[in-house]
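Two complexes come next, and they have one chain in common, chain A, joined by chain B in the first and chain C in the second.
Take a look at the complex of A and B:
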């Protein structure tokens, strides 16, 4: 079990009601952590979201290497 | 953050004077023969009878700055560009005001507009920036980029 700090951005901060939280999880991969988050916040099932670690977007198959994880909705800059 | 990674963020709207000053600052660079600019402006979209009055931008700033730095490095490697500047608003920008400024300069105009278009597209697709559209009744919706 590893403690990780999740930061939620934009629409996802609204959906989860949080901008930041610490969770302890057995998830080792990005995909597994995404599944845990959907269990925790069923509203995430209906939206597209991505995780980032080390200032880069991570693929579902990537191992979690950072304790700080960003949770992003679709980007809408510009 | 790496020392050469620049901060792209400007608090609130980007003033037209900043655009003019930016152009003026390039007069000393006499190897430049042409500039291309993209200016993003907040549009008063109508959704279900409500009108957008402003966009409130938030971002993961450190990653957005790094992503823009990488986009710049790739563009410098691919196109014969002398100079490139990227600015994006953070916080509230009212309709009609500017929120995004990308400025590229080169010796010749060949491929310059194409380079600019690619850079703008990449920033919109890859930089973690989020726009909340505020309506005239104070309700809001989250903007989604359509390419």
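Take a look at the complex of A and C:
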């Protein structure tokens, strides 16, 4: 189990009700952490979002290597 | 050239760079919160040919952030009003209004008439269409998108760099992400993001280093935060878009969403 700090951007901050939180999870990959987040916040199931760690946007298959994770959706406004 | 003297004395621009600007052709899609500051500064910079695409009319709720427009411009086409007001600021450049909806029928002809594209639209359908036609026509495009107090900025399809679909392969469902009308937006946000887009346009034309390709800048005005996130080109996404007719990709995306 590893403690990770998640930062939510845009609409995700509203859907989760917070802009930042610490969670302890057994997830080892980006995809597994995404699944944990969807379990925790079912509203995320219908939303596109990406995770970034160490200032790089990660693929689902990537191993989690950083304790700070940024979670952001696409924006459309102009 | 004396009107551009403050450019010309910069070693990074010089007379050669100013000539590049005067010879450049830039298409700005969307003449709203993002598009207007892009257009105002590219006009002042002497970008030789500017195209403006917008089918919409000026409305009263636009004036809070679309600061080129005046009360007397209400209910008139945005591209045509912008063309008229910008022409008063620089008579030496060519400014073209395209008062049409950017769609699969006109996308290719519009994009191939210019060197590079600036995505200043407010919806995913048009953003994905811009991405796809720019991949097919091999044009770079400068992307910005906003939400309330936050913005995202990057340059896609630049010198073999990644595209929008390398980041988000498919458009979200139509009701998934609200636009400015539904969510609200702080008036200065599109102004700031639009100027960052104009900055990238100038760097691309001037062939300066460090164009924002393969990196997305995330800006949050409430907490004064800027972060850069790197991301990679996905060859499969590029290949998929290169070979398919635009109409078919759009239809498939609608089925997916």
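One rule holds in what follows: the second predicted complex is superposed on the first by the 74 of 78 C-alpha atoms of A that agree within 3 Å, B and C clash if a C-alpha of one lies under 4 Å from a C-alpha of the other, contacts with A are read in each partner's own complex, and residues count from 1 in each chain.
Just so we're on the same page, a residue touches a chain if its C-beta (ideal position, glycine included) is under 8 Å from a C-beta of that chain, and two chains touch if they have at least 3 such contacts.
These numbers come from a predicted model, not from an experiment.
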{"item": "First, second, both or neither for A:70, with chain B first and chain C second", "value": "both"}
{"item": "First (chain B), second (chain C), both or neither touched by A:46", "value": "second"}
{"item": "Touching partner for A:9 - first (chain B), second (chain C), both, neither", "value": "both"}
{"item": "Touch count on chain A, higher of chain B and chain C", "value": "C"}
{"item": "Overlap of the chain B and chain C footprints on chain A, listed as residue numbers", "value": "9-11, 52, 55-56, 70, 72-78"}
{"item": "Contact footprint of chain A on chain B as seen in their complex", "value": "40, 57-60, 62-64, 66, 88, 99-100, 120, 123-132, 142-145"}
{"item": "Chain C residues touching chain A - in the complex, by the definition given at the top", "value": "30, 32-35, 119-124, 127, 144-148, 150-152, 167-168, 170, 172-173, 176-180, 183, 185, 190, 216, 218, 220, 227-231"}
{"item": "Residue ranges of chain A touching chain B (in the complex, touch as defined)", "value": "7, 9-11, 52, 55-56, 70, 72-78"}
{"item": "Residues of chain A touching chain C in the complex", "value": "9-11, 46-48, 50, 52, 55-57, 70, 72-78"}
